[in-house]
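Below are the structure tokens for one structure; questions will follow.
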């Protein structure tokens, strides 16, 4: 049996990519596409089981209140969720105990896995550094993902009582050794021809482990969305991030 | 307080590397070195808490019987353990319930982690392939580690109901697509200047995840040995492989 | 002063990418776009100096005969040029001694450079192997570029009197060591999430050199086209491939 | 016929590695080993054709004066040659017009090639950055080789009229974007388990070219020394660096 899926924000590029992915998968069926001028009741009328919402912070809370009230599960990639918003969603879900909502800042499975693996491996190595590589139009350095990866690594090492990576540098040309995020060095490369890439390098005596993630396409989030669509019906309540769905 | 460590097989290159590592670590102390003509009682006399055994299949069982009878923990890198030998060790340990023995085929932390991560990630990607790269004096292709990694990947995908990696190849120059290990393609590079390296490549729409392990030194096993030395006292009974000690 | 450029085959995806690139560059100006129903005289009327032709083997010869007769330079990416066709173009150019024509099978600068560098480096290393990695919809393995790269490497080594790469493999799972192209091993990876990538690995005692080319976008040929547009006016006669324009 | 080779500084680690390499090669023969207490006349007595000198700045000039006066070719890896010293060597060679001397700061063939290729490719790409990765005991960041590579890249781009790599960074955590060497960004990674590695990344629309050099062994200079030994007899006068011997 297939899962009956609806798409909210179906007119945008992201929404279209979601619709394409839902259509292409063998176990999901696209039953409703709703854009900003369409009625949310379309989902009820079409018997939608799971709605994917890539819309806007201004409208996502109204969307969720409606969907939860109708017992329709939701997979949400819209941004702008702070603790207050998450608490509101939890309170709505308390009144609809069989409904599941997934809110995730990052649906790229490879990104989530590489962050997780970096965190797990961090305490076993003397040294850890992060290199992130992006297209030259990016405004911030390091990337948000690299910053967060480094912070998670630093936390894992601190929890395990592992000290700073050794570094005998005494003469440094300003900036050569990268940025320092909680004691973890992060290097940001900006290069034409790249999209979004990250390497975590871990080293100890005689061996190194490298975890590299390459994302070259705006559609790299769709496998993660489908993962959420498949899992959310059997996971009532609020889930933040796709990692809990991955049983790692 | 430091852990009092003894080394069995102290005359060999591997034994010496272990002795060096034990001496260099802040929390371990080298209290006894025993080679083939020395008495095992040296360990008792010196108050050894953990013995590291890199000796020979011909003598390792006698070593273990003695150490277990004296309540001395053991970390064993000697090869040749089949199920029958493991059962024998377990029966000895049953009579010494506070003693711990670790027997591991591979102490390289990076190798163990990369195999584990590959196995965890395998079911989330459409495609997986393995490339291993070694010095040109290696006799077997693929390497044992690559073969085992591919088999674990294949098993993880089968358990999750994931099909074969897609492949539209219709015209192939013989061997181009590598060896087939349970449906996972494995490529073996042999190159002067390399030592022992492995990449697991996982790909899905628009993104790839690469897990690479480089081992360039025969001493890359010592951090794993120290990990075993630190953990084994609080882990009575038999432990096979260092992974259970890593709390992944 | 800018170069006045016309595009032939302006209706296709490739033609549009060329038009975009010509418009975007500071030193080129798009003065004519001609598709299959338009008259070639448009180029003369608009004062076009260089025409870029990405059309079809059926029409490209007529295009070239006209352009050469009018003294308009041409940069050609259309396929299907054999020796007979090249000779015909040369004979037309003999009557128009100031006109230049560039016909190139590959405009990706990175691909051309990596092939050249592999060829230059090949004789200095004991070992050379090639890994090419592509999306899983590719029908042939190895890729044409990898095959040609390996053949050029083999030729360079033969010319320098360098023997085969050392290889002690005695036990091989069928295909593990890749395909054999004139004695050079070539490995073909097919992975979802990839586009077109190639690594040439060269190794000698204690060191390796890796030349890697990644192409992730169909527009990666446009910088090579602009290179041709800028150079062809000062290079009368026929030029085959962009390498001669690069002064390596 | 083999080349009769002598080694100066035969007692040191480097000297021994040279002796081993000369012995192992099919076309060279080790006929004399001279250390600090031995007479230089040993080379004359043994019929040495080429001497390899890895000694000390304090003695190398005396060594060279003697060797040149005897018409013995020299391959020199000893450091400390400034312009004045090179001029002195040239003046001695003027009196012995058939003798050849090679003085090279770096004998690693892969390092020389990667620097050369980076320089050749630099002007064809919008963006270039350098990442160097070394063991954590290194005192300077970036490495001398990375600094020199970046400077050569900057010069090649300047000569070709190519501007700075594009970079839209407006928010930077201090150091994230690396050091600036003549407008080329250089990133220095320090990691346990590494030896000496360098990547030059070049990118333009939709494609990147990466030139990576890995050196994992102190003996990686010996193939370059043998290259010098084979070439120097047919190259009278002073040659600086091995690149001129490589016919690139």
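Letters A, B, C and D mark the chains as written, and numbering starts fresh at 1 in each.
Note that in this section contacts are C-beta pairs under 8 Å (C-beta built on N, C-alpha and C of every residue); 3 or more make two chains touch, one makes a residue touch a chain.
For reference, the UniProt names are A, B, C, D = 4-hydroxy-tetrahydrodipicolinate reductase.
This is a predicted model, so every value here is computed, not measured.
Novice: Looking at the contacts, which chains touch chain A and chain D alike?
Specialist: B, C
Novice: Compare the two sides of the chain A and chain B interface and say whether they are made mostly of the same residue numbers, over half shared, or of different ones.
Specialist: Over half shared, hence same.
Novice: Indicate the whole-number Å distance between the mean C-alpha point of chain A and the mean C-alpha point of chain C.
Specialist: Measuring from centre to centre gives 38 Å for this pair.
Novice: Starting from the mean Cα coordinates of chain C and chain D, work out the distance between those two points in Å.
Specialist: 33
Novice: Would you give the residues of chain A that are in contact with at least 2 other chains, written as numbers and ranges?
Specialist: Only 125, 193, 202, 204-208, 214, 216-217, 220 qualify.
Novice: Graph shape for the chains shown, where an edge means the two chains touch. Line, ring, star, complete, or other?
Specialist: complete
Novice: Provide the residue numbers of chain D that touch chain B in the complex, in ascending order.
Specialist: 193, 195, 214, 216-217, 220
Novice: Under the definition above, what is the set of chain A residues touching chain D in their complex?
Specialist: That would be residues 125-127, 129, 131, 133, 136-142, 147, 165-181, 185-194, 201-208 of chain A.
Novice: Inside the complex, what are the residues of chain D that reach chain C?
Specialist: Within the complex, chain D touches chain C at residues 21, 108-111, 113-114, 117, 120-121, 124-125, 202, 204-220, 222-223, 227, 246, 248.
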